[in-house]
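So the structure is just underneath, and the comments pick up after that.
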Amino acid sequence: MKLTTKLLAATAIVSATSASAVDLEVTHWWTSGGEAAAVSKFAEALNTRTEHNWIDGAIAGSGGTARPIIISRILGGDPMAATQLNHGRQAEELIEAGLMTDLTEVAEAEGWADIVNPPSLLDACTFEGRIYCVPVNIHSAQWIWISHGAFEKAGVPVPTNWDEFVAGAPALQEAGIVPLAMGQQGWQQSIAFGALAVGLAGVDTWLAVNRDKNAEVAAGPEYARVFAAAADARELARDSNVQDWNLATNMVITDTAGGQIMGDWAQGEFQVAGEVAGEDYSCLPGLGFNEVLDTGGDAFYFPAIDDPEVRAAQLELASLLISPEVQVSFNLAKGSLPVRGDIDMSSANDCMQKGLNILASGGVLPSGDMNLSPDTSTQIEELMAEFWSSDMSAEDAQARYAAIIADAD
Amino acid sequence: MADMTANAPVLEGPSGPKPRRRFSRRNIFLYGTLIVVSMYYLLPLYVMVVTSLKGMPEIRLGNIFSPPMEITYEPWVKAWAEACTGINCDGLSRGFMNSVQILVPSVVLSIAIASVNGYALANWRFKGSEVFFTILIIGAFIPYQTMLYPIVIMLREIGLMGSIWGLVLVHTVFGMPILTLLFRNYFTSIPEELFKAARVDGAGFWGIYLRIMVPMSLPIFVVAMILQVTGIWNDFLFGVIYTKPETYPMTVQLNNIVNSVQGIKEYNVNMAATLLTGLVPLIIYFVSGKLFVRGIAAGAVKG
Amino acid sequence: MDASRRPNQLFRNLNAKLASIPMIVTALVVFVGGTTWTVVHSFTNSRLLPKLNFVGLDQYERLWSSSRWMISIENLAIYGACSMILSLLIGFTLAALLDRKIRFEGAFRTIFLYPFALSFVVTGLAWQWILNPDFGIQGVVRDWGWEGFVFDPLNNPDIVIFGILIAGIWQGSGFIMVIMLAGLRGIDEDIWKATRVEGIPAWKTYIQVIIPMMRPVFVTALVLIASGIIKLYDLVVAQTNGGPGLSSEVPAKYVIEYMFRAQNLAQGFAASTMMLVSVIIILVPWAYLEFGGKKRG
């Protein structure tokens, strides 16, 4: 009952009125199988452990579809009680405009600063010293997922890093297997590029470009190697003509493709298909070179609502989302890593354990979302979409990439 | 009072040259062309229906054109009542009622306003009326995207953001250009003498509108109704931006269902959902297709 | 009923003015006000929220140096030109065929018109499914034994815009046909008689006599097609979402994505201002001739 005590304390700070049942509308874009299962853990927790009701406002598509709806409703003066947004720089202006509820009281009462690991997650929620969002999970993008079946068919050993993967590709092609599955959408290609950058150019170089916006490094020899590798990867993905990321994952599951570079959410697809990590597929964080992961992820924001009862309920929900029990059940369903290091995740599978170990050993990078504005990310995605679907040379692509980084804010 | 069909006396039948023999080479060419073209138009409908009646295993086997070996209605049931978005698993049924609630007031209000506008423009011009009309017509070409943001702010200022009435207002505004054009063109084609006679009898603005113009303009009201029903029913952009989850129209739910890939893409459920969403406008077209052609002939073309 | 022929007392027209208030408000507040707001903000550096922090022509410079914007414009130009020509051609041909006293005219008309009842989202999904290289036309023809058959417009960056065109024409050409048919029905039977007496072949009659007579009908049809082209968005989103790569991007999509996804409002506003400018350049002369002059509609 420690949690309840904290919760009551938190609630009491904000409002002296006794909290009565409030309907909380929560918008999010988690609609795939594993995601929906994960959301229902939140909903269950709210419905059973408090007197409030979870009104589900799922918006299908992706963040790109959902964000305009969420933002126009907040701006239009008809906000939802809580909403998913990637933490990082996306909500800065909404906070500045005073449209978001300040969660600092709850965060301090519960000591979020001590339990959230890595601390950068909470930093991403902090604006001018105040806390405005609750991180709920950690997603990392630097993974390659490899089909054991495909490599067995081609008669080559399962690779343990990107170089071996490239070396084995001709054998795969001979066996009629697409070496690299790639959904033809800019964001997926951008993820693949990012993973190659972390893996091949190393962490310091990556930080120099993404955090410090050093255009000289982006135009330099380390990144030239990354672009050359991306051009190779483009050749390997020549025959992959799917669009959606999960259809590309499905190519790996059905052994029609050798591998896919994709974030850890791909794991959910392997689970649904009944594949076993380490037997049917393997996962290599950092493409098998640098075992580091970025720590992007999802966070919930609570738009400011002028009603003390709703506000109290919002704070209750905020503290519920980060509570240990909810963190465990939610993240197991979602296949993501929890935001607190003090809970027991022993039931997680091989790949998740790898992620947890990297996290525990501190091999973390801040995610792209926290470093680059959505404007810059969109430009990079555009460049990648063009690069992967044409014969643009690696040198040209690098020159344009460096120009985007030089203009980044 | 003149017969209302007097406005479209030429609609009685085709006016092209008369075919001579039944099986002439020309006739074979004529019907052959029409049938081949019909196949292009029917193909998607056929594929949608066939796919929606197959089970997933059969779909994965390949050929999308082959008729189902085993007919199943499961996808239809699922699309209507069970498909999930997030944790709501009640299919399209919820969106259907929302769509009806959005549709009825939007259609009535937009047609009422546009017909009065068209009437004023046709019979009661005043200084500047054509300028406003020209702006309105140019407005028909402005990409809606340009307006999305200012409208969010306008709706916020009048306190209608997120409510069904806000959406009704948006539909009324964006339906106005084309509808006003239709009504204006139609009303100008009504014989001037009728209007003059009514004026002599002392009828005023509203009297003439209600007692002469409306009863004489049934065909154009039908056209306007068909255009608005399909346009508003099929709207996605405004529905998704200006409402909230409880009031999402059917198209938004369709998008939610189609894009909520849970495990594998269930093409059959997607197609059933697609057909269900298209059913209302389709029925309207099949039932009133002839009236529509008539109305177009009477109104739109005379511009 | 020219205004000058009516008594021009203020109280007589008061009702008309009152009744026109919704139109005037829409024209001035929503259309003029809304676009002015958008144009003004296109000169700022607004990101997620609109702000009046002016930066001159920066957004436009960036817009015109963006390769995605150039691709979008090129696609819209190809789509627009093809869709105008094909819609008119197909619409007129079908109408002419239907106008030749054929049997089952109603059935054919319904078949050509029904796609117009379906939304672009539905249209896009249906054609995406038919053009799917594995399950759709290409797959079926290959199953018949023609292994080398290639028909994958949605997966080939060079021709993807034509894949969208196929669906767009399917959806919209029936409506153009109805308008053309209505126009043909307005042609006097005597003209046909006269040309038959003189022994002019039917196709020549269409080109030399009928089409010139149908000028207003063609204008109406063109206006309707053009207003649809510039708004091309839903269809692309449903069918290809701009892919593969950027090869089927269109301007309306650029606007939406920059406004909301990239959270660079001003860039989206600049793009929509450019769309608006091109619309005005094309439309104002036409609108002036059609409505602004002394000529009555």
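Note that the chains take the letters A, B and C in the order they are written out, and that residue 1 is the start of every chain.
Note that contacts are C-beta pairs under 8 Å (C-beta built on N, C-alpha and C of every residue); 3 or more make two chains touch, one makes a residue touch a chain.
Quantities reported herein were computed from a predicted structural model and do not represent experimental measurements.
By count of C-beta pairs in contact, A-B exceeds the other of the chain pairs A-B and A-C. Farthest from chain B in terms of Cα centroid separation is A.
Inter-chain centre distance (chain B to chain C, centres taken as mean C-alpha positions): 16 Å.
Averaged Cα coordinates give chain A a centre that lies 39 Å from the centre of chain C.
Those residues of chain B in touch with two or more other chains are numbered 148-149, 153, 255, 258. Counting partner chains per residue, chain C has residues 256, 259 touching two or more of them. The multi-chain contact residues of chain A, meaning those touching 2 or more other chains, are 68, 75. Residues 47-49, 66-68, 133, 152, 155, 157, 240-247, 256-264, 267 of chain C are the ones that touch chain A when the two sit in their complex. By the touch rule above, chain A contacts chain B in their complex via residues 25, 27-28, 30-33, 36, 39-40, 43, 55-61, 65, 68-69, 72-73, 75-78, 80, 244, 246-247, 250, 269, 272-273. For chain A in complex with chain C, the touching residues are 63-64, 67-68, 71, 75, 90, 92-94, 97, 184-186, 241, 243, 373-375, 377-379, 382, 385-386, 388-390. Those residues of chain B that touch chain A in the complex are listed here as 84-88, 148-149, 152-153, 155-156, 159, 161-163, 240-242, 244-246, 255-265.
Listed in rising order, the residues of chain C touching chain B in the complex are 1-3, 13, 15-17, 19-20, 22-24, 26-35, 37-38, 50, 94, 96-102, 105-106, 108-123, 125-127, 129-130, 132, 135-136, 139-140, 143, 170, 174, 178-179, 181-189, 192, 196, 202, 216-217, 219-220, 226-227, 230-231, 233-234, 251-252, 255-256, 259, 265, 268-269, 272-273, 275-276, 279-280, 283-284, 287-288, 291-292, 296-297.
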